[in-house]
Structures are given as C-alpha cells and as structure tokens.
Amino acid sequence: MLINCVAYQNGRKLADIPVDQIHLFVHEPDCFVWVALGDPEPAELEVMQSEFGLHELAVEDARHGHQRPKIEEYGESLFVVLQMIEPSDGDLNVGEVAIFVVKNYVLSVRSRAKRGFTDVRERCEKEPELLRHGPGYVLYALMDAVVDRYFPILDAVETELENVEERIFANQAVRANIEALYGLKQKLMVLKHAAEPLLEATSKLFGGRVPAICVGLQDYFRDVYDHLVRLNQSIDSQRDMVTTAITVNLSLIALQEGEVTKRLAAYAALVAVPTMIVGVYGMNFDYMPELRSPYGYPVTLGVIAAIDAYLFYRFRKSGWL
Amino acid sequence: MLINCVAYQNGRKLADIPVDQIHLFVHEPDCFVWVALGDPEPAELEVMQSEFGLHELAVEDARHGHQRPKIEEYGESLFVVLQMIEPSDGDLNVGEVAIFVVKNYVLSVRSRAKRGFTDVRERCEKEPELLRHGPGYVLYALMDAVVDRYFPILDAVETELENVEERIFANQAVRANIEALYGLKQKLMVLKHAAEPLLEATSKLFGGRVPAICVGLQDYFRDVYDHLVRLNQSIDSQRDMVTTAITVNLSLIALQEGEVTKRLAAYAALVAVPTMIVGVYGMNFDYMPELRSPYGYPVTLGVIAAIDAYLFYRFRKSGWL
Amino acid sequence: MLINCVAYQNGRKLADIPVDQIHLFVHEPDCFVWVALGDPEPAELEVMQSEFGLHELAVEDARHGHQRPKIEEYGESLFVVLQMIEPSDGDLNVGEVAIFVVKNYVLSVRSRAKRGFTDVRERCEKEPELLRHGPGYVLYALMDAVVDRYFPILDAVETELENVEERIFANQAVRANIEALYGLKQKLMVLKHAAEPLLEATSKLFGGRVPAICVGLQDYFRDVYDHLVRLNQSIDSQRDMVTTAITVNLSLIALQEGEVTKRLAAYAALVAVPTMIVGVYGMNFDYMPELRSPYGYPVTLGVIAAIDAYLFYRFRKSGWL
Amino acid sequence: MLINCVAYQNGRKLADIPVDQIHLFVHEPDCFVWVALGDPEPAELEVMQSEFGLHELAVEDARHGHQRPKIEEYGESLFVVLQMIEPSDGDLNVGEVAIFVVKNYVLSVRSRAKRGFTDVRERCEKEPELLRHGPGYVLYALMDAVVDRYFPILDAVETELENVEERIFANQAVRANIEALYGLKQKLMVLKHAAEPLLEATSKLFGGRVPAICVGLQDYFRDVYDHLVRLNQSIDSQRDMVTTAITVNLSLIALQEGEVTKRLAAYAALVAVPTMIVGVYGMNFDYMPELRSPYGYPVTLGVIAAIDAYLFYRFRKSGWL
Amino acid sequence: MLINCVAYQNGRKLADIPVDQIHLFVHEPDCFVWVALGDPEPAELEVMQSEFGLHELAVEDARHGHQRPKIEEYGESLFVVLQMIEPSDGDLNVGEVAIFVVKNYVLSVRSRAKRGFTDVRERCEKEPELLRHGPGYVLYALMDAVVDRYFPILDAVETELENVEERIFANQAVRANIEALYGLKQKLMVLKHAAEPLLEATSKLFGGRVPAICVGLQDYFRDVYDHLVRLNQSIDSQRDMVTTAITVNLSLIALQEGEVTKRLAAYAALVAVPTMIVGVYGMNFDYMPELRSPYGYPVTLGVIAAIDAYLFYRFRKSGWL
C-alpha cells in the first residue's frame, strides 16, 4: 500500500507525486523523492525495484521480512532493516521497516507494524535546513525515530520489573511473579534482538570511512549510536536483574516454605501434646488415684490448657506463629 | 555412490557425463563439471582425488567425516565442510557435506544424510544467468540450501520450547518437562556446532580479500552470512530461555511442594483435632459429667463436625485447600 | 543557575566576571574562562550555546540529561558527560555533569546532584603551575573528582556486603538479607553504568592520538583511567560475590530447613512414643495383668519418662536437638 | 632415560647413533637427528643442552615440568610443551612432552606419561617423502599424535555423561550421579587446560608469518589446529551440559522429594483416619447406642476398611501412591 | 624504613652506600644503585623523589598504596606496582611493592607485607653475569619472586578445596563447607586481582616494542608472563569448581533432606501403626470377642511387634532406614 510519495528540493517539499513520475524528479538537481510503503503487495515492490533499480537480494529481504536489523551497502546505495517493536495485549509485536537509500531517493517499506512515520516526515519538513542534507538525513530521522520508540517499551519493562520486585519482597502472588519474570526475560530478548545488531551496524556510519550518503551527518549517526549503546546497556542490566530476581524469588519460596513448616509444626504440637495427655488418662490401670478424684478431670483440662498456652506463647515469641 | 555428474557451459547443462570423461570438459572455456557423491566408497573418492588433483588432507577429512564446519583454502581451490542436520525420531541426525570447489569443477560429497541436493541443482539449472558465475555460485547455492534447512529445525525447537513453557506454567507433566528442556538444550548444542563455526568462515567470503572463486558473488555470500548471524542469535536466545525455563521450573516445583505441604497439613488438622477431642472423652475419670449426659455423645460429634467445618472454611479461604 | 564564572590567566584567577563579558576574556592570550551551571534553565543553556558556539546535539544532550557517560569530540572541542552518584536515604541518586571543553573555556553543567565542585575549583586555584595547562587540566580535575567520589560509594556497598555476609553465616534476618543482597546488586549496577562506559572513553585521552586539549596531560588522564580500571574490577568482583552470596544463602536456607525438620521430628517422637504406649494400656482386654498391678501406672509413667529421656539424649547427641 | 637417538637423511633412517655422535650428523646436508628421552635425569638433560645449545629457560621448563602447553620461539628454534593426558584408575593422569625443534635436530622429552611415541616414529619412517620435510614434520607428527590421543579421553567423558544422564532421568543412584557429574567437570577442566592454550599457540604455525622450521607445512599445522578447535568446542559443550545436568538433577531431586512427601502423606492418611474413628468408639459416654449393638464392632471395622480402600483408590488415581 | 642501599658495577656488588651518596654512583659507567624501602615515611619517599627525580603521580601512587598491579612508562623510566599476598590467620593479607626502574637505579618500596626480598638480592648477587643486565634484570628478579610466591597461596586454596570436596561428598560439616567455599571464592578473588592486571601489563615487556630497560631480557619477561597465564588459568578453573561445588552442595543438601524425610517417615510409621491397632482394642463395644480371650492381649502385642518388624525390614531393604 502506497502511503506517501513526495519530491523534495533543497529540503522543501515540492509536491506529492504519482509513482510513475518518480523518474522525472530523481534527476533534478538538489532534488530527492521519499516514498513510503506499508505492507506492500509483491507487485508494488516490483514496481519500486524497476523504478529505482534496487538490488535483487535487498528486495528479496524486504519481501520476506523477518530479517535481523542490519545496514548493508550495495554499491553506492544503502539497505537498512530496522525492527519496530510495539506493545500489543501485554505482549510485544515485532514489525519491520526496510529502508533503501540512494543518492536521490529514499524508499521505506513498513511491514507488520501499526504506527507509521508520518510524524517523522512532518518534523523533517519543518526543518528544511536539515532536510536539505538529502536521503542520508531521512535515514537518520527514521533510525532516530525507531530507536527512540524502543525506550518507552524498555521503560514499561522496567516498571513491570519494579512491580514484580515489590510483590516478590511482599510475598504476594508468587506464582504470577515467576510467570511475569519469565515474560520479562522474553521481552528483553525481543528488544535485544532489535537493538544489538543495530549497534555494530550503526557504528559504521560515523567512524572512519562512512558511506557517501552519510558524509556530513556523522555527528547525527553517532547520536543514534549513543542511544543504542545506552539501550543495550539497560537491556543487559535488566536481563541480569531479572535473572537475579528469579534466583532471589527461589530463595524466598524456600524460606517461606520453611516458615510454613514451622507454623504447621507449632500447631501440630498444640494438638499432639493434649492428645498424649488425654491418652494417659485413657489407660485402664486399676490403680490410678487421679481418676478417682473429683478434681481429676477439670485439673487435667486445666493443665492441658496451660501447657498449650505456654507453648503458644513460646512459639509466638520465637516467631513460629 | 555417484549421484550426478553433469557438465555445464555458460550456465546451461551440456550433458550427464561419465566420470572418466570429466577431464575432457574441465578444460573447455566457460565450462565446468558438477559432481555429487553420496556416502562414497573410499575407492570412489580416490578416483575423484586423482581426477581432480585434490589435496590429500582435504580428501582425508572428507573420508573420515565428523569434521567441524569449515572453509579452507588449498591454493586456488576451496574445501568446505557443512553439517547437515535432519530430525530423526525426535532426535537430530548430523550428516555432512564436503564440497571441493576449483576453477572449473565442483565436487560435493554427502555423508550420513538422507536429503540430497537435487532441488538445488534444479533451481540452479533454471537460472542459467546466475549459474554462469560457475563453481562459486554452485558453492553459494549449496551453502544457502544447507543453512536454510537449519531454520525449520530451529523453528521446531522453538515450538517445542513454547509447548514446554505452557505445560510448565500449567503445572503439567513436570518430570517430562525437565527431560524435554534438557533435550532441547542438547538439540540447540547440535545446531550451534553446525552454525557457529560457519559464521566466521563465511565472513571470509565477502569482506576484504576473497578467494578468486567467490569474486563477484560477495553479496550472495553476505546474504548467507546474514542468515547465519540470525540463526546464531536465535540459538543463543533460545539456549538462554531454556536455561531460564529450567530455573523457573525449579522455582515452580519448590512452590508447588510448598502448596502440597499446606494442603496436607490442612487435611492432617481435620483429622488430628477430632482425634484429640475423642481422646478427651476416652479418659477414665470417675467424675466427668458430660459422659453421663444422654446428649454427651451426639453433642461431641456435632462439636467435632462444627470445628472441622470451620477449619475447612478457613483453609479454603486462605487457599490451603 | 549560574554558580561561578571566572576568568583565569596563566593559571591564576583574574576575576569573577559576568556572563556577558566572557567573550572579552576568551580571546586574551593564556587566558580561559571556567563557567559552572547548576540545574540550568533552558534559557541559561541557550545563552551559553550562543556565547560559546556549542554544538546543537551536545547542548541537546546536556538539556535532556539522563545520558550515558561519554567523551565526544566535536571538531576541536570535547563534550564530556559524567554521572554523579550520591547516597540518598539508603538508595543511590544519579545526577550528571556535562562538561564542554574548548581551547579557552570550560563549561560544566551539573544536574540533579547536590554536591558541587567548589572544592575542585579551590584546589585548582591553589596550584597555578598545573592550572596553567588550561581547560584540559580543569577537565582532568573534574573527572578526577567525580571518579574519586565513586570510591566511598563502593566502599559503603562493600561494608554492607560484609555485614550481610556476617548475618548470613550467623543465620540472622534471612529475609532481610535476601532483600539487602538484591539491593546491593542494584547499586552495583548503578555504579557499573557510571564507571564502565567511562573506562573506554577515558582510554582515548592518553594513548595514541589524543585530542589537542589533552596533549601534555596524558599521564594525568592515565591516572584517572587507572582508577576507573580498579573501580570496575572491584564492582565486578563484588557483583560476583553478591551472586555467590545469594546462592550460598539459598543453600543455608535449605540447610536450616533440614535442621528444623529434624528438630521438629525429634520433638514429635518425644510425643508420639508415649502416645503409643498409653494407647496400649487403654486397650480393653479382660486379661491384661499389668492393669491389675498397683505398680502398673507409676511403672508405665516411669518407663515412658525413661524412654523420652533416652530419646532426648540420643537426639541431642546426634545434633537434632 | 634415553629412548631413541636416530639420524635421518632425506627422510630415511640412517642409523641408531650414540648420543656423543650427534654432532657428527647434525651438520651433514639434508640430515637431522631425532632424540627421545623419557623422564630424564637432570644430567641427561644437561648433556642435551650442551650438545644442542638449548636455551637455559627452555631447559629449565623441561626439567621442572608442570608447564602449561605452549609454543615458544627462541631465536630460530622452537620450544613446544604439550600435556599428555592418560586415564588411570578412573582419574586422569597429566604427563608432559617438551619438544625442542631446531634446523637439524628434534629432542622430545616425555615426563610422567606411560605411553610413548614409538608408533609415531614408525609411521614417520614409513613415509620418507613426508619425513624429508625434516624436524618441522616431526613436530607436526608429535603434535598430531598428542592431540589425537585427547579424543578418546573426551569420548569416554561423553559416554560417561550419557550414562549419568540416563541414570538421572531414571532416578537411579542420585548421590552417585552428583559425584559423577562433579568428577566429569573436573576431567573436562583437565582437558581444557591441555587443549585451550595450544589452540592459540598452534594458530601461529600456519597463518601469516610462521617460524622457518614450519614453512611448507602450514596445511598440516592447520589440520592440527582444526582438531583443536573441534576439541575445544566439544569440551565447552560438555561443560555446559554437565552444568545443565547438575541443575536438572537438582530439579529432579526437588521433584522427587515432593513425590515422596505425597506418598508419605497418603500412607499417613491411611493410618490417621482409622485412628480417629477408633478413638470415637473409645469414648466413655454412657449413651452410645453403637457400642451396645452386637454389629457395632464388625461394622466399624468394615467402615474403616471401606474408607481406607476408598482413600487408597483416590490416592492411586491421583498418582500419589 | 631504609632496608638496603647498594651500588653495583658490572653485576657485582660495590658497596653498601648511604642514601646521600647515591648520586655519586648513578653516573658511573656500568654502575647502578638498588635501594629498598619498607613501609617508608612520607619524608623518606620525598628524599628518593628528589634524589632520583621520580614522577609526582608515581610517587603519589607509592605513597597512597592500595593500587592495582600495573606497569607504567614515565618517559624512559618504568613504574611497576605488584601486590604481595601473604597468608595470615587463615585469611590473605594484601601488601604491595612499588618499583621505580630507571637506567641506573632501582627503587623498591614495600608496604604492608612481612616478607622482604633479601633472598632475591642474594640470588642476584650470586649470578653477576645476569645482574650485569642492570635494573631491568632486577625488575625481572623481583617480579619473578612476587609471582612465584602466588603459587603456594593458590596451592593452599586448591588443597583446601579438595578437603572441602571430600567433606561435601562424605556429608560432613555441611554448614562449615558452605562457609569454607564462600571463603575460597573470596581468596580466589584476591589472587585474581593480583594476577590478572599483571598479565596484560607484563605482555608489553616482551612482544613488539619493549621499554629500553627491558631490551635483551624479553625471554625472561615472557617466562614471567607464562607463569602468570598459568596462574590465571588455575584461578579461573578453581573459581569455576568452587561455584560448581556450591551448586553440588545444594543438591546434596536437598538430597539429604529427602533422605532424612524418608527416615523420619519410616520411624513415624513404626509408631503410628501400633497406635492405630491399640486404638482398635481401646474401643468400648460390648461385643468384641478378642477382648474376652485370655490370649487377646499377648497376641495383639505379638501382631504389633510382627508388623513393626516387617515394616522395619521393608524400610531397611528400600534404603529408608
């Protein structure tokens, strides 16, 4: 589905143009075309391939989807794949945007993701002095947007982890916590898969030799790289904390089981001791003076109550009850 | 066992040829011979060695089998070993294909694997414009096929892991889950052994200096490399998740044991308290007014029933029963 | 909030100057201006940006805060971000100082941190022979101060870990220990985030090519680097020890539960055996000679007491009680 | 102890020679001497040192033994230390062979190892066209032999691990399994110590600049390297599996304890419920009609039997018994 | 405290000299001065600093102590810090030696360590042909001595680990074992902190460009490096084994608890079954023929004994008792 097809000159929007006029604009001086497709049909991609002369393997990747994030050079053009991660029903949905960047056009192909890049385009159009850098700047703007969208996802994971931590130390919902921690680990894995491969790839856009398209924009790509480093570091820390939380949780389960055992044992004692005593007076010896006394029964009950009261006091004092 | 022996010119099949005519074709211009052997006898390999002048150490490796995946240069020729992984009875069978690639012939030797490469050959023959790249392209096609066949194996592992996860959190088949997780870890190990060594080896076929045979095909080998990176990353994630699942499972076992302990204790209480009470009235004191009352017995039974009902209600309410 | 704005010449303080006179001093020979801001308003930063011609992305980073520690070159100037870690209510507060270093001025922007750098400035002013190195030396002095302030934090963590260790092996406050260990792990994470990225960044200030501003000060930056290496190593060791302590704690919990089980079982035996014996003499057989004997009852009680005494002795001896 | 001292020319054995004639042969063209010592006296080593002019530090290492595996260049000569691992009484015995390789002699010093290298020498003598490569080839042959001997050791470990795995999942010999897994981990450590340092050392014998003695034999040393890579990878996998097996075993122990708890609880119920019921009829109420009935006793016994039968059926059905 | 101050020429001791004559000797040809300080006063260090012109930052480090091991170049001089580890009351005491090496003098400053380097000096003076290499050789001799002293420490740790292992598998002193393992981990950490940083530092003294002072001594420093590699590897292995031992210990604790549970349950059964039976004959039914029989009581006791004997036999057979 074609979302946008716009021609720009000197960083300013010229016009929305139909796809079949792209070739008219890409050869104008200081002019470039920025096309956005969403979940395209194979036919649409083929049109773009022939219109822009895109490399077969790159188009293949964009068509198949489910690629790892990467930045590849095909001659003078760049092929970039980014994963778009969106929360959906408590789970994470992994979409994808494939970006073809050439000297005078940019093609972004978004797949399986709800949120588009209209906001990015609008922001770019408001800063013509930056957009005149051309397709390289568009690439930066898209990458920056995708990476920035990872942070709220990670923040949500962090918040959830904090909630689980609280519940763990409050001994609440133990089973649900374990499941939640496992789910958090899975989400962090998804984020890691999106962010880590990008880290190394992005580093090639600002240090040493950079693709011609990115020349002059190194500071910007270093900024994206910086965000990715921070993201990766946070992901790793949180993965570590989740693992620690799982272990700590196990300790707390073991500990709580010990506490339950003690409490049960205390109650058992409160029942077993009287049972033993009443057993004594259930014996059938002919000569048991207590049995004959009119106070035997009430005194025995009283002694039993006293013993239990004492035991209860001791158990309570030592924290078993 | 000879499977195929075909001569190609300019990417098109010339003819099936007998082994002893290979030397006639390998010196023709734009011509190359593609031979496929399956579980060959030592004698067959020797014929090939003398026919093609293969390096002794490489032939030795192909004969012995059980090599690690690798790509070695012997002068101008390449010797490639790939592991072929096939599911068999819930387990993974590890076969091998050794590929000798020289300027104008390709020899693939498949061992201990059921599925061959007829489909690869057919696809190659349908695209003569690619096959005319010669033996390098055949190598790419074989590597691509082998690597692509890893993915369904990994997907099966992933599906099985998801099933185990579900059963873990549903508290079903605990013992079987542990065994399944251990088995998954073993399978991931097998996959890792196949994919990881290949990763580094493949990287030498497209970046910087590449073997002469692979020149012009770098984008293709980078594509294979890319698949391998993705594969390796998925393997690592799943290994991590399996380890986490084992730990989580241990927590759940501990947790469930705690729950069972509580349930048992609750039932024990329902039996122990009545036992204590009936013990009281089993005492032989002369003066126990309740024993004399005609209502003593039914009231005692009623009190016992009431106490148990109350305990049952409390246990149920606090989740112990 | 402007904290300080001072002009220096040849390492000696010239005067406190108002912000709008900065440009008069930065072009004097051997002269530089050192400005310190604290939690600045956006407007204050804008003034500095235009006054000093700071790079937009760097100013953006300083404004947003929550950056990872880093050292970036923008042309001939350096942009440095350091995290300031301060204890606050048993937790760690993470502030930040962003430092812009150019040939003849230094701007430090402190955010969300209580303790400033007045002591650093004073020490610098006491050593004019060092301060005459200019902005590079100020950068060193600030980095040295920030890194030195990490050590007492780490020492506090170490002391707390030692306390927890003692309590663990003394079997005290088990639940609190687990929570404390988890908290220590989080604190070490915070320290690691502050120190680790700085390690690599600092290494670029003394080995091989160094930014012009740092030339002649390599030995000093190597000293900072050295402290960071030591810090990182200590953090890693302590993280490792915390993890080990958590595992060891789990073992001790399991062990103690086993000991409690044994103690409970011993007490249960002291009650169950008498219950069995008195049950025997509660039987209603017509012919039970003991029942008829006047010594039956006291002897039985004596035997029960003897058995319990013996059991108690045995349990005590084998360490169950 | 002198084991062998043989002079070779053009790859063919000339003669067994006495030690004091070595210097006569080492200066002949295309001639080299191969000396083998076993657990030598210090005096024997001194003779060799002066005869061959060996470097003091290398001789010191050979004398002391207990070196890590390594390959060191001393000027134009090579000093190689390999660990020889031999099974002995279920444990692994670590011996050592130190090899001095110079242009026209090889000295191998074997220590604390039973099996020698007679077979290697014989095989070399059968292939004079390879042996004429000189001392470098002898080095290859010795390294190849030592590394090849690691594989059966590792295979034995693998087999033992498989046996333990089977016993683990069959719930047999739990304590012995834990001890066996710990022992396997120790053995894998021994193997790792032998193989890992060699990996890096060997890599210097075939890639880039290689010692003069190894020139022309790079393909052979790459083959040894390849075996070492495979070995190391297998060791790492098995170490990982042993760790996983230990964890899995812990889960199974916890699980089995839970099962035992349930079974015990079931049996306890089968005893406790009758105890409660008979307690009821042990009460001494005057008015308990059942006590008067001639069927009271048999009916009670029958009811008890029925309840226990029902409980037994329920427990069996839910898998507790 | 000044320990030694000796002038050497051509590797032979000239004389013990007073500190204020050092400058007379350091300019003699082939002459160098070797000064040793122990826990020096700040004033002593200042004398040395001015006498030898030492770099301020290095002196600062020597004064403060508690540095990480390192080798730093200050111009043509070397500044080396080594940690000295000495056992003290079952714990490890970490001292330090800082070594300043210049063309014609060596200053070693030992802090917080009992054992000095008199033996090193004596050995050096016995080998004048080596000592004539000058200060570089003294550095080697000191480093060699310090590193060699790590080995008995590590051996002691290893022996202790073996003792703990034995006790673990013999089920003895479980609590003490856990504490011992934790202590071993801490000791290994101390050793690692001493040895690991030195590894990388030492590697700069023999490969590629080496400091002028070390030229000609590369083989010696490589030997030190080699020892460090071996040390580090052993430390890592033992850390790994300690971690494994902790886990294995946890398994054994869990296992033993299971065994105790079984034993307790068996004993409980031996008491509970008789209790149930005697309860039967405590019932007050009018019609219970057994009660009337003169053999009722002895037969009942006999049956109870028989049942317990049978149960005991079964429990013993199945390993519960």
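In order of appearance the chains are A, B, C, D and E, and numbering begins at 1 in each one.
Here is the rule we use: contacts are C-beta pairs under 8 Å (C-beta built on N, C-alpha and C of every residue); 3 or more make two chains touch, one makes a residue touch a chain.
Keep in mind it's a predicted model, so treat the numbers as computed, not measured.
The minimum number of touch steps linking chain C to chain E comes to 1. The angle of the rotation superposing chain A on chain E, based on CA atoms and rounded to the nearest 5, is 145 degrees.
Chain D and chain E have CA centres that are 25 Å apart.
Centre-to-centre separation between chain C and chain D, using Cα means, comes to 41 Å. For chain C, residues touching at least two other chains, in rising order: 247, 250, 254, 257, 261, 268, 272, 275, 279, 282-284, 288.
Viewed as a contact network, the protein chains form a single closed ring in which every chain touches exactly two others. Starting at chain C and stepping first to chain E, the chains sit round the ring in this order: C, E, D, B, A.
Interface residues of chain C facing chain A in the complex, by the touch rule stated above, are 55, 57, 67-68, 70, 72, 74, 174-175, 178-179, 181-182, 185-186, 189, 192-193, 197, 243, 246-247, 249-250, 253-254, 256-257, 260-261, 264, 267-268, 271-272, 274-275, 278-279, 281-284, 288, 290-294, 296-297, 300-301. Contact residues of chain A toward chain C in the complex are 165, 169, 219-220, 222-223, 226, 229-230, 233, 237, 240-241, 244-245, 247-248, 250-252, 254-255, 257-258, 261-262, 265, 268-269, 272-273, 275-276, 279-280, 282-288.
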